[in-house]
Every structure is written in structure tokens, then in C-alpha cells.
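Heads up, the next two complexes both have chain A, just with different partners, chain B and then chain C.
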Partner chain A sequence: MSATSATSARPRAGFKVPTKWVTISLFLLPALALYLLFVLVPVVQAAHYSLYKWNGLQPLDNFVGLKNYATALGSDTFRTAVSNNFLIIVLSLAIQIPFSLSLAVLLNRRFTGRTIFRVIFFLPYVLSEAITGVVFSLLLRPHALIDSGFSSMGLGGLIQDWLGDPGFVMITLFVIISWKYFGFHMILLLAGLQGIPREIEEAALIDGAGRWQAFRHITLPLLGPTLRVSVFLSMIGALQLFDMIWVMTRGGPLGASNTMAIAMFKAGFQSQQMGYGSALAVILFLFALVLALAYQRFVLRRDVEGAVTAFNG
Partner chain B sequence: MTTTASTSTTTSISAIGSRRLRFVRRNLLNIARYVILVLVAGLILLPIVYAVLGGFKENGQLVGDPLALIPAPWVLSNYTDVLFGVNAGTFWREFANSLIIAVVAVGLTVGLGSLAAFIFARMVFRGREVFYTLFTLGLLFPAAVAILPLYILVKQIGLGENLLGVALPQAAFGLPLTIIILRPFFRSIPVELEDAAKIDGCSTFGFFWRVLLPLARPALATVSVLAIVGTWNAFMLPLILLGGQDQWTLPLGVMNFSGLYVSDQARILAFTVCAIMPAVIFYGLAERQIVGGLTAGSVKG
Partner chain C sequence: MKLIPTRFLAGAAILALVASACSSSGASPTPAPVTTPAPGVATPAPLATPVVTPVPKAVTIEWWHITTGEPGKSIFQGIADAYVAAHPNVKINITVLENEAFKTKLATTMQSGTSPDLFQSWGGGIMQAQADAGMLQDITAAVAPWASTINKGALSIYALNGKQYGVPWDMGMVGFWYNKALFTKAGITAPPATWDEYLADVTKLKTAGIVPLAIAGKDMWPSMHLWTYLALRIGGGDAMAQMIKSGNWNTDACKAAGAEVVKLNALNPYQDGYKSATYDNEAAAVGNAKAAMELMGQWAPGVEANDSTSKKGIGADLGWFPFPTVAGGKGAATDGVGGGNGIAVGKNASPEAVDFLKFFSSVYNATKLNASTPATALSPVIGTESAVTDANLQLVLAGRGKATFMQLYLDQATSPAMGTAINEATIALFVGASTPDKVCAAITTAAAAQ
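Take a look at the complex of A and B:
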């Protein structure tokens, strides 16, 4: 009752207050329209197109039901692409994130030069993935910097056909992806570590816990929310891998470095199979959705928002 | 009584020994820390430094002695060609295209995003959380999902092979993050301030424009910076939606340039370095906003 009287008291004589809904529409509609038109509608359209055999030019009239999906699931090329995405996810979780965490721990002390290291480690994150790919392609050419580096250290035997060997190309790409993105995860985890009061770990040390024990049983659990955000972002990132791989290998050699996004791009724009390509897009969407739902289910929603929202100054 | 006294003396004696031990250990740990950090920093910087210096080399040296870091002789022509010479037309045109797309996209993302975030933060109405969730969905799936229909759509509305045809979808894809970051910030500004502004005759937009936005400057800086980095480095959308070379942005241009001058590595490196310089300089200026924006929340987590 009092709330109503307060709001109705607000408009004062002399100027007209637009009704609530007019304000809401004027403020919200532009963003909503842009977002619907260019993000949500295309996603829905992808689902629609995926039910047709269509080259993107002719009328959309050759309805084939779920045939595109059946083709995709039966295709060795696409299965390789999916397994490549998952290989990157597994490697990221097993190697990249522990590596980022170790460096975050090393940086979580006050010492001279800390800021410089932090700035350097994060630097690759702001570079374009495509341009990064161009630079590494040059360095990985036979007898270029990387090969010569191995030879000069007496490790010539380890030299591979980095981007040309179907059995090795994903490893090479993973290392470059880590080069570019570990700093991002490190910064995230470092921020998380700095949010943990030092006293808690010190108390455990005084109580006789070893450093590793204190880390394992005190710090790590407290870092949980941040770690989960890092894991989630890493997985979503690995699912949509495209730019760097397109620049460096175009999915080759022999499809060995295809990812879902690369396969989709090739289907849509190289073989003019818009319907099939859309089916691949929907499959990619479903993977991301399952991931997101699992994340919502197992991890508090606050984690996601916390990762990118709150401001502490 | 006596037991406490004796234990305290033993601890003080062993404390001297363990303090020495701890001193040595701490120094060793510090040295190990520096060694590891310097190694990793070296691995991060090596490709970048190598590219920068490579742009000053002759191709003979790049191919013949790839391990040499310092150019011998120093050659300026690669960089001067890119910035002022034969390749300058290409470089600056691509730079301008990147800049136009970034300015339009970031302007729209931040402008429209803050209007929407304002509504989500300070208005109570039915369906608010539904609309908000709709926007947050955009963060959960890869942009690639929308790309094929987007290609068709942009052509249909007459923006095919047009810089605006890239900028608009780019802005749309930037909205979720912008709104999610701005909402809690807008919400934290006290209601009393809004009431006071209203009593002084401010309209809702007047409050938003004259009171809220100036107060939210740090948050706006953060979302702008994140949007700039995102748009500047975008690759897939421009690759699909842009027409001929006169519309290409820098990432597309670099890829094409490296295919064009396959055997002129020094020139590729010079072009590449010039292309990443804007991002590096921008990072130098806005490091605090970039890092702060991406991480501030997880501190709270």
C-alpha cells in the first residue's frame, strides 16, 4: 500500500512521466531487436535449414527430415572433427589448466617483477588468433626457428612434421592454443587465489599440515568456484575452435585437424551444403547446451555470473 | 608449570635452527620461482620478439640462420614498405576497415547494452528474468552455430559485402557479456540517488544519462575494452560476410598476405607485427580494464 502511494507521489506537476512500459520498451527494444535478429533467429533458422537438402540459393523445398543428422553421425570426417574437439578439451583440462594453476600459485606472492610476469603471460590473449596462427606457421616451417632450436639443443630427434603429420598436428595445435590461452586462465585463477585469506592456509600450516596438504585440502577447495569457471570457459572455447586452425591447416592434412566448426564451414561454404552444414551447427549447439546444462546442474549459477560480473572496484 | 617452561626453551632453540633452514629454503624457493617464471615468459615472448626482429632481417638470414635473433644487417625496408611503401595501401585500408567495424560494433554493443542493462537492473516487471536469461544464453553457445543462417540473412537484408553487415552481428554477439557485466553495477547505485534526481525534475532517461552513466564509468570502460578486443580480433564473421579485398580487416589481410608472399618471410613478419601493434599498444594502455573486467568477479566467487 505504502509502496503504491510512494510511486504515485513521484510524478510531479509540470512534467510528464512516461508510463513504465513505454520506458521499458524504449530502453530494451533496440538491444533485443539486434540480439534476436542476429543471434537467436539464426540459431533457430539453423535448426530449420538442417531438415533440408539445400545449397543456399534455390528455394528451400527439398525436405529430408533428419537425414542430414544421420549423414553427419555416420561420417568419418565429422567423427574425427568431434573427437578432435574433445581431444582439445581433455588436453586443456589435463595439462593447460593445471599449468595455469601452478603459475598462478607462483605469482600469488608479493615479489619484485610480479606485475611484469603477469602482463607478459596475459599478452597473447589479446592477439588475434588468426594472426597468431600466421606467426606460428612461419616458425614451424621445416628448418625454421623451432626445428633449429631443437637441433641446437641436441634434440633433433624430436623434430616432427609439426603441421603435416596427421598423427601429430593436433598436438602442435594444442601447444599453440595453450600458448595463447593459458595466461587467461592463470589470471582468472590468480584472482581467485587472491580472494582466499592467507590466514586460513597459515592456520593449517601452524596446525602441522604440510604445504602440499594445505594446498590440497584448504586452498584448492576454496578455489573451486573459480576453477569451475575456468574449466567451463575452456571447454566452450575448445568446442568452437576455428580461427587458428583455419589459418594454419584448413583442417588438414587429410582432415586430421578438422573441428566441428571447420567441418561446418567447409560444408556450408565450400561444398554448398547449407542444409548439412546447418545440421552440424545444431550438433555443435547441442554439445554446448549439454555442457551448459551440466554446468548449471552441478555448479551453482552464481559461479557463471560471478566470473564476469561483480565489481570490487 | 615446569613442563611449559622447558618446552618453551626447546622450541626457542630449535626455532633458531629452523629459522636458518627456512631462510635457506625460502631463498631456494624464490630462485626456483624466478627460474620457472623467466623460462615461461621467454617462451611467451620468443615468437613475438622473433617476429619483431625478423621484420628487420633479410630473408637470407631468416632462412640461413634461423636461430640468430639480432638482424645482420638491419633492414628497414620491410617495415617502411608496409607503413609507407608498396604495401602501405593494403595495410592502412585493412586497418581502416578494422577500425570502422570496431567503432560501430563497440558503440552499438555498449550503447544498446547499457540501456538494456539499466532496465534489467532498476525496473521491476513481469518477464524481466525471461528476457535477461535470453541474453545470458548467448554466452553459453559458440557463435559459430549461427554463422550459416547469418550469412544468408545478412545477404537478404542487403548488407552482404558491407562493413555494416559485419559490425551489426558483431555488436549483437557482444551484448550478452556487456549486459551481464553492467547489470549488477547499475543495480548497486542507490535508489535514493534516483529519487533525488526525479524530484529535481530528471526524466528516467535523464537519470540514466546524466547520473548513472557517469557513475558507471569504470564498468563502461571495462565492457568497451572487452568489446574492442573481441571485435578487433574477430575472424570468422568477416571471413564469411565480407566481399573483396578492399573490405578485408587486418586478421583476414594478414592471412592473405602470408599466402601472397610465401617466400618473403621478412615481409610477412613486418606486416604481421604492424597488424598486431594496435592490439599490443591498446593492451598496454588498458591492461587494468581488460584483466580487471575478466577477473574481478571470480575474486568474489
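Take a look at the complex of A and C:
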């Protein structure tokens, strides 16, 4: 491959198109090789390991077929983990994104200090998940800042065992996740809003549309592409949830805050059931893949279409 | 025409990149432990090739330990330096890792088919898995001449089926660490000797407005030890060994232990937020005199001090008593739950590595571990006991010395999967989300899946 591609790369008047493709593929090769080596090969390996009962050290010779998958799907712990992932997705779409959108619309107006507000709201996103987890773990300890905050406002009755109550822990975690990520979605949507020419909205207002009507029928549709990307990132993020929850609860108490990624890590690296852990990894991969493909196919399609056709033309 | 060399160069550069990527992938394959050789092949016969050459050849010993705190870290370094000074041909590369990082790094290293020459070990199920995979060296013959210098029970933790794979440098016993001042305040004159007395004392502490016992729901294992002790006191050492061996935990001892936990739970003895507390939160509660007791190993005083606001813990108020006996139980008051730290020997370690272990385990060096402030370890090397100055640690040592049966920490005696299952099953009981029968059934199910 090496010699032929190098020689055929010499420019000749009649061979413009092949030369172009050779160059492109040559430039793509390193990235492709890395992608193959570090993404696709491990995916295939995980799928392979998932068919074995294996502790990661012994020889890979105890073939169990799909037993690991059956165990996973029959396990209450893992089912809780899956439903927790989807709970976060639903809550994010229902609460976090609308909240970010309203903030973005607000901060898109001109007023003094809006840059400061933008920075303040974006700031939590800059923190790493681990640091966020540690900080909130401290704040949420009994009688710590959050509890005394509630008490001093006379709301002592609302105090919960924030991270210790299996029935409440996911709510606590969702609030913290939202605190960390609303700023990111806000900035994304703000950028989208700034890409919408003011004249269109002004024209609608002149034509007699109310503020809400202008937002609903002009701004929102034009913000569509950004919104769809924001929703997509939020969904994928919720599926992969790990760091912060690991730091704060390690999936506890009693597995109430397990996510698929946490269940996978526990099985693989705590219990050293690498085969079972790989099966969980494959299930997580399939969830993410199906969700991503379906979303691309049915929702993002109109946004991507333009780009692809433009490339061919 | 100018384009030709540029393009050619670019193409060549890319090809070089690809080539290097490919070659490196060939040299260091992604974790593919399929190729791990069979255990029998990988374990070299010790002493088969003794190094008896006039000029000793250069040897490097890779040593991974997790003694990140001072003074232990410096003591370890000092012992290694002393050995190297006496053996100029030997070089010791020390890698100091934090506990969790060590476990992850060791697992991935072993999956790629190699292991450090010397590394931290707790014996038990993990060591068993490492031995099964052929990652450890059988040092029975090499250790035999000096094995008698080490506490037999402690040494046996690092042996499997008569083969020695490592050497202990720390061995202690789990017991109750308590705040004498708080006990006095609650009107308790002497530490409880029986479980009934213990429950009565918990009630007294509660009445006096003191949190009796700190546990750690997030880390799970501290309360697991309490449950283990109850099972051991009720069923005795033989029943415990039998449950581990057979995997059948649906026994009277197991269920009765759970029933005692339910009795304890009913007194509401734990600190606020115990369900999500870490071990550090637990130690801080005792170290700040916010809780009267914790059930913990020999390292408790140091951690309590470190996690306390004053960084000094409760000082002279701290006391220790062994786990109380349970009325009608088959276990002796001298049976214990314990464990400690050791150094395991990797499959490719040189004879010098084992010789260094001997040096490390000499009375002279082991005494340094015991004599440091705070004590780095409770060395199992015979003749080092008197170097321990702390009165409480002397009590732990006495308990260890008198032990009629010593159960290694249950989450380490078993496989990692079993250990996790035991921790998860027992914590569910302590937070009131399970029943004694369910705990025994869950552990039995986990054992059956092994």
C-alpha cells in the first residue's frame, strides 16, 4: 500500500479525483487506526469476554454463552440501574432543559451585568464531576451547611437524609447534576439564540404577534437545531452517568442510586467478575447505540441533511 | 511541480505514523489475558536456579506498597536503602500507591500477564485468584528456614494449600475502640463482657444523649465486621469455617447473628447520617467525641486522630475492649476477627526479592514498624511486641496473642464477588432494609454463583 500510494500521488492532469481521495484517505488513516485500536477492538473484546465467566486473571476458558446477559436482565440491582438512567433522562428533558432555555432567553436580553450572570451560571460546568461530588457530599452531611440553611429559613421540616435515604437519593443527585449542567445547556442555547437574526422576531412583533407568540412560532423553531443537539447531549450524558455518583454514593444506599455504568464498574473492578461486567458494558453500549442512531435517524436528520448534501455537491 | 516533495513528505510522514502505531500495537497488546499461561507453567520452581556466581549480577526489585502515610513510608524506604547499601548489585524500585489506585493498577497489570516482584497483599480470596492465575511465586522453601520467627497464624494468611506466597508485616485484631470519658458520663464503669451487657450499655449511652456506635453505611465493611463477630461468637470458629467452605450460610449461627443485629438496631444506636457515612466520617465521629464507640482494626487510633478536627483524636480517653461474648454461643471469648498487611511475591521475582523479605522481617527492622509513633504496624515478627508503646495497641496485641481462632476479615477471606455480596447483604440489615434470613439467603446465593 505504501509504495503505490506514494507514487500515484504524483499529480497528473487526468487523475485529479483519485489523487484527492488518496490524500484524504492517507490523512484519515492514523485517526482510523487509533479509532479501530482503541474503540472498535475493545468493543468487540468486551462482547467476547461477556460470553465467559471470568475473573480477569484466570485463563478465558469458562464459556457460559448468554448466561451473563440473563443474569443481568434478571437482576433487581441492574434493573434499578437502568431505570435510574432513564429517570435522569426524563427529568433532564422535563426540567433541566426548559430551565436552561428560559435562562438563555432571559440572558439574551440586553441589561447591565448580563455577562457576569452568564459566567456565574456557566461556572459549575467548569468544575470536574469528582470535585462537585466531594463538595456536595460535605454540604449534604447531617447538620452541615444545607441542613442548617433549611433550618435557618424555618424549613427544618424539609430536611431529608439526602444521600442516605434510598427513596430520596436520586432526587438529590438529579438536583446536583442539574446544578452542574444547566449552565452548559444555557450557553449552548444562548449561542443558538444569538444566531437568530433579530429582524425576524421584530417583523413578527410588527405584524401583531405577542411576545409569547413570537417566541413560540419564530424563536423556538429557529432554535430547533441547537435544542435538538442539547437534548441529545443531555440524553447521552445521562446514560453514561458515573463519576459524580460514584464519588457521592457509590451507587448506594442499597443500590438505590446505581446507574448502568456504576453497576458495570462494581461488577468488573470490585467483584472482579470481568465477564459479567463486560456483559453490562455491552448492554450499556447497545442502549447508547440504539438511542443515538434512532435520534440521528428521526430527530437530527433534518439538521444533518444539509451538511451531507453540501459535501457531495 | 513544487507540490511533489511536499505531498510526498506528508504522505511519508503519515505512513511513518501509521507504521509506528501498528508496530507499537504489536509490541504491547491490548489487555488480552487469553494468553495468560497456565498456572503450573508460570510458577517457576523456587531455588531451581540458585544464583551462585562470584560477581553477583545486577538485580532490580520492583516493590509496590500502599503505606502512603508517615512515618511508615520513610521507614519502608529506609529499610530498602539499608538493604541496597549492603547488596550493591540490587536496586529496589519502590512505587507507593494509594489503596484504591493500587488495586486497580495491580489488576490491570496482572491482566497483561506480569506482576511486580513484591507487592501489598491481604491474603484471602484475592491472593487465591492471583495464585490460580500463576501470578505468585511459591516461596515455601525459601521462607522455611526463618518461618518460625513469625507468628504462625499471621503467616498462614499468606499461604494456600501448604504453599507460602507472601509474608505478613502487620497483624491485628478487630475490637471495640471506645471513649472512656463518654462511658463514665453514661454511668458505665467497666467495658461490657457480654453482648447483653453491651446492649444495656448502648441504652445507657442513649439515655445520656450520647451516640453509642459509629458505623459507615457507604463503605459497608465496618458493620460487616460486627455481624461477623456475632456469627463467630454464636456459631464458633468451626461453624464459620464450614459456612465459608460449603457456601451454605442458611445456618442457625448466621440467622442468630442477624437477629442480634436487629436487637441492636432497635436501640437506634448509630450516628446521624450513618447510612451514607464513609469510614472517615465514622472515624471522625469517634475522634471528635461525637460517638462513643466504633468496631475497628488496629489502625483506628491513627485514623481517628487524622480525621478529627483537632488532628489529635480523643487521646487518653481512648480505650479498647474485645468483642463481648454472646450467651449460649459456641465461640470462645478469645476467638477473633482480624487481619493485617503482607507482602506477596510475584511470579518472576528474583531470589534477592525473597532475601529482602527476610531482611524486612528481621526483628531489627520489624521493631521499627512497631516502635514508630503512631505505630505503623503490629508486626507479627516474634520478639517485637515489647516495642509497641501504646497501651491500647498492647491490648490488641494481647488479644492477638491469646487468639484461639482468628477469622480473616470476611470480605477478604472470600473472593471479591463474595466479599461484595457479604458487605451488601449485611449493610441492608443494619439500615433496616433486610431480615436475618434474607441476609443468609443472599450470601448463600452469591456463593452458589461462584
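The rule we apply is simple: the second predicted complex is superposed on the first by the 264 of 313 C-alpha atoms of A that agree within 3 Å, B and C clash if a C-alpha of one lies under 4 Å from a C-alpha of the other, contacts with A are read in each partner's own complex, and residues count from 1 in each chain.
Just so we're on the same page, a residue touches a chain if its C-beta (ideal position, glycine included) is under 8 Å from a C-beta of that chain, and two chains touch if they have at least 3 such contacts.
Keep in mind the model is a prediction, meaning the values are calculated, not measured.
Trainee: Classify the contacts of A:Ala294 with the two partner chains as first (chain B alone), second (chain C alone), both, or neither.
Mentor: Neither partner.
Trainee: Tell me the contact category for A:Gly149 with respect to chain B and chain C: first, second, both or neither.
Mentor: After superposition on chain A, A:Gly149 lies in contact with chain B alone.
Trainee: Quick one: is A:Pro42 in contact with chain B, with chain C, with both, or with neither? Answer first, second, both or neither.
Mentor: both
Trainee: Does chain C touch more residues of chain A than chain B does, or is it the other way round?
Mentor: B
Trainee: Contact-wise, after the overlay, does A:Phe269 reach chain B, chain C, both or neither (first, second, both, neither)?
Mentor: Both chain B and chain C are touched by A:Phe269.
Trainee: With the two complexes superposed on chain A, say which partner A:Phe27 touches: chain B (first), chain C (second), both, or neither.
Mentor: both
Trainee: Once chain A of both complexes is superposed, is A:Gln58 in touch with chain B (first), chain C (second), both, or neither?
Mentor: So A:Gln58 only meets chain C here.
Trainee: Which partner does A:Leu220 contact after superposing on A: first (chain B), second (chain C), both, neither?
Mentor: In the superposition, A:Leu220 contacts neither chain B nor chain C.
Trainee: In the overlay, answer first, second, both or neither for which of chain B and chain C A:Ala203 touches.
Mentor: neither
Trainee: Residues on chain A in contact with chain B in one complex and with chain C in the other?
Mentor: On chain A, the residues that contact chain B in one structure and chain C in the other are 10, 23, 26-27, 30, 34, 37, 41-42, 45, 56, 143, 269.
Trainee: How about chain A: which of its residues touch chain C in the complex?
Mentor: Listed in rising order, the residues are 2, 5-6, 9-11, 23, 26-27, 29-30, 33-34, 37, 41-42, 45, 55-60, 71, 141-143, 161-166, 169, 249-250, 252-255, 266, 269-273.
Trainee: Which residues of chain C touch chain A once you look at their complex with the stated criterion?
Mentor: Touch residues, chain C against chain A: 3-4, 7-8, 10-12, 14-15, 17-18, 21-22, 25, 30-34, 36, 38, 103-104, 107, 110-111, 126, 129-130, 132-133, 135, 217-218, 220, 272-277, 281, 415-417, 419-421, 424, 427-428, 431, 433, 449.
Trainee: What part of chain B is in contact with chain A in the complex they form?
Mentor: Listed in rising order, the residues of chain B that touch chain A are 30, 33-34, 36-37, 40-41, 43-45, 47-48, 50-51, 63, 66-67, 108, 112-113, 115-116, 118-119, 123, 125, 131, 134-153, 168-169, 171-173, 175-177, 179-181, 183-185, 188, 195, 198-199, 201, 203-205, 208, 218-219, 229, 232-233, 235-236, 239-240, 250-252, 254-255, 258, 265, 268-269, 272, 275-276, 279-280, 282-283, 287, 290-291, 293-301.
Trainee: Under the definition above, what is the set of chain A residues touching chain B in their complex?
Mentor: For chain A paired with chain B, touching residues are 10, 12, 14-15, 17-18, 20-21, 23-24, 26-28, 30-32, 34-35, 37-43, 45-46, 49, 56, 103, 106-107, 109, 111, 113, 117-124, 126-131, 133-139, 143-145, 147-149, 152, 179, 183-184, 187-188, 190-192, 194-195, 225-226, 229, 236, 239-240, 242-243, 246-247, 260-261, 264-265, 268-269, 274, 277-278, 281-282, 284-285, 288-289, 292, 302-313.
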